[in-house]
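Read from first to last, the chains carry the letters A, B, C, D, E and F; within each, the first residue is number 1.
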């Protein structure tokens, strides 16, 4: 089994964090291909940056999905996820929906702990779009400027304190550590939190393996079938091939 | 007052429909600049096509917004709208949210009449994202293949029949005619429907004028402030300038 | 174009505030007719007072709507709005729904800043009835006794502080200044708030102009058609004429 | 114990139906005072008629509540209910909320069977305002013109058929027979329906007795306390006395 | 009329509290039969304990319901309620749904005051399952260890303080005192709270009397009809008889 | 890794179906222990039967969980799941929540296809309790009497037709085949449906493996911590030991 994991941000340091956690989480025999956005920003925390990341991800997915059994959009907030689910012939998963799926198997209400104040409104909208707002206990976030490649090292105690407040004050029954820069932190915090803690990357890797194993099938009709073939222009070759239903040359 | 109206699709024929209705709807003294997506598909009806349209729209908006008082994303479904609202210094409006705003001033529950079966699931998600799903009576759509530049001419009676069923069977108190290819149809159907009928283009033009007149201010903090300045790479110049907060050269 | 603006309260001083903001907001060529409730209370902050204001408004609307292109119910909370929308042959708008329509075009979640503690529960129910509770970040209100004709003068700084807390603590992306006694305050606060700020009177005036321009049509069937003709008794002449579908003598 | 039961419509024949069912339902020792609206329409089926009925009910309630232990607003749709609950010193109940309270004790999802097509949209909004829309399976209604004083006699079989369809097609676990003209029909249909059937008048009478017995207390603060004393003018004496907190002369 | 009141907990001291309040609340002529769970825990505050209490209650209900007109599940949280409503030929009521029904007749939003921190999440889910989460202002709870038979005596002032905070800080318009160990406290607090206060036991007793009086009928089809007859094994005789539709020997 | 899979029904033939699908779905190295309810009914389709199944499951789980890494409650509807999640030291999963988690990774809206009319209302409530009602497109069910051990064999075409209608008429983007008697059918229907199809047993087995691999931790505080130790009586030894936090003798 081979997974294509795409970092929608341009930060190679974050790609490395993602890759490390993906490899630690994967079952034996699961291969990981990493790709980093060719264009975009260092860290997506807004809807506009997500729009850019979605397109960068789409290009990489179109170009590289062949030979993979599933694709993971490896930024919390899942830029482009629903669109790619239509267009690609294999399962596509995002960090947020994967983490929420795990969280829902562990408790009724979850809190999200995030790395910037700005990112919270967007995350809330993504939870709403997933239809799970009733199960969201709270979102809490760091309020310090960040060195994106070393959030965990510098802010572990502050993140832990946010988790504890979410449990004590907001009634969180599960904690979701949000954002690719926190990839692997759940592993580090094991045993230090009074409720289960969930990570997006490891959730996505495992759920991707599950979807590949279950073989539920790809939609051929309805809203997740591939987009209808129609005139297009000006698109990168790989995207045009997807839309035109041409196999890769 | 000058409005920049962007067609996120590549169809010049649809741009012409939009422009005609925009000019008919605008107040005296309101200028209209039209732009058509440089890349993308002929007509957006899926989440993946919307993702592409969002990026194409973002490029045009970044490049051309200077000198305009507001920007209109002229595809139903509002590709890229929330992101552009963050990034641009002027109000940004979409056809869907504008039509829904009008509809909500005319009745409690509305139905959307659309031009393709496929488009319905995506529209429903957009209504959900607008927080208005409780006011959605139904979505009904044509089930015939379309010549996108001449939907109104060929399908007027079928569209009228869909409206009537929405009123009679679904309890619609207002009808929203959805999709830029239907721009102007509301005008043509005036007096033929038993409930108010709303059009996205004219709604957006008028609401844009209203926002310009009211001068509510641009967010400088919170989630609709411009994205934080941070490293980026590989972006079209105009988008990079927006992100870097540089005035246009 | 001529708008009938009805103050459902008996306070002439508030009528003057409303009129001033309505005239400042209206397009050239839009005439404003003001009416003040013939009976009722000085300021509506409860459901019972709203019930009274609704009936007072209905009488004035029935008596004076002829010769106007739209009617505005100029108290936040929109007393009698939905009923009048059925009964009158022209568009009817309220301050709350108009302000919310504007707010929804400017951000995803809004807070309402109001002038009395008591008023908050009722406002919340009005937002619920508009189907927008998911987009309500918070309601905050002054906690001091008020001289209703001079709220802005005496409490501007306190109101500004409430706005700032709504943005900072509640995640408000837009502020709605609620209540006719605050008419015009949004204009005065321009540039002093970090998010867009919306006013009910100016929103209603502009949206009324928009509905007149768009000519969406009046419902002739469904729940916003005029009430079925049936026996009635004891009603003011103007209301009886409306119910009996008689033109004004 | 003495209950004041107000018919917000002007139809004496409906008052008689209500009174008969109220007396059949009341416990021994419970006295019933009936009042019929002094002004208004023959049968409320729209928001505008409800606005009128609310004011007519408020006048009667203000004038006659003294000496009663609770007040019942005896039209489905509960015109003026929330306002009167603030203003009166005794419990106030409506037919809709009382029927829904009963229905919720008998099953999870209920359907409402009503006597006119037009009335359905308004009933739906009342269920929404009660926060119970998730438990509403459907609303079904007669589609024939009505002689309001003899709906039951002429339409019993049609009403029964609507109930059966609600159970079979909509999943109704309880049926609510809606509208004062149907008062007593539930009693007549006993044993002919496959699910429990609820009537508004008998529910309201019994719940009124319960509230009197439980003595939960009247709000003296919060949004159901009496409205703050403030200037008023032009009101019927009884309403003015309520607002001014004067005992009846 | 004869009511079977089942304490799903094993605490005889709580049974005594329930019985005392039930007798105080019942109408003249209403007889009360008390039963205490034969197995289970001293006080249910978790979903697991509720699962046990549900089965203990089902056994007692199956064994003892004959000769009673209604059955009351006398633990807040209503363990087993929906299942028993299917299986028994008479109305079945729970403390939570009964208290919520009363609260909904007294105000729009209610708070629940409970006796342990742990119990809050489960209560919240029960309110959700009742479809009333939009009307829940808050849940507040004691944070001290409890002697379950004497909560009221030791904690009356602390409970009163929680009620006051719910009104002042959370906007509660009605207070629900939750948990059988608080049975009767509402009576003791009468006149000391600024909003109506509701008790589960007295609400359930009165609503049971109402359902018996109204005779709405037992479902014979749909999801609250008795379970379909099918093979079973290993069940207590009384439950097996219920499932097999055998009259009691 | 070793999973304890409990059939809350007494049907050995269904246990065999579950076991076969569990073994087909499990990763190499995952062991499966099957247990069948010692008491209860042949097939759970009502809330009352679920109450019984929950207790039967709790006994088996308490008695047999030692030596297992996770427990699966193998009836759709998840009887007892939330309670067991509190009480057991290992992850506990149900068929419904597992199938919904899978479905949510494959599309936005899903339909459930079930094997009896009666079961639908209860399934709907379970989806509500999972907070996913907004994503439920429909529930459709067979309307024929069943031989529970051979539903698939006799009804495959009818089930397929229900799936197709859910896609075409209800907008289902994913199909969930519900009920342990359908275990394995998703596998048989592969390639015959136009949207992805999900099975509860295989989803639960795979998600159980995922939770074991991710090691998110067991709640030690909050509402999913083990119930507080308190007096109990009359319980099966294994349950008493769980509640008393005693290791197994």
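Here, a residue touches a chain if its C-beta (ideal position, glycine included) is under 8 Å from a C-beta of that chain, and two chains touch if they have at least 3 such contacts.
Quick caveat, the model's predicted, so the values are computed rather than measured.
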Smallest number of touch links from chain C to reach chain F? 2
I'd like to know which pair from C-D, B-F or D-F copies the A-B interface, where a copy means over half of the contact pairs are the same by residue number. C-D
Chain centre separation in whole Å, for chain F relative to chain A (CA means): 27
Chain A to chain C: how many Å between their CA centres? 44
So chain C residues touching two or more other chains come to 82, 85, 108, 120-121, 125, 128, 134, 171, 173, 222-223
Under the touch definition given earlier, write down the residues of chain F that touch chain E in their complex. 10, 37-43, 45-52, 54-55, 58, 80, 82-87, 118, 120-122, 125, 128-129, 222-223, 227-228, 230-235, 239, 243
Name, in rising order, each residue of chain E that touches chain C in their complex. 108-109, 134, 171, 173
For the complex, give me every residue of chain E touching chain A. 120-121, 124-125, 128, 133
Flag every residue of chain B that touches chain C in the complex, lowest number first. 25, 27, 82, 85, 91, 93, 97-98, 100-102, 104-108, 130-132, 134-135, 167, 171-174, 186, 190-191, 193-199, 202-203, 206-207, 210-211, 213-225
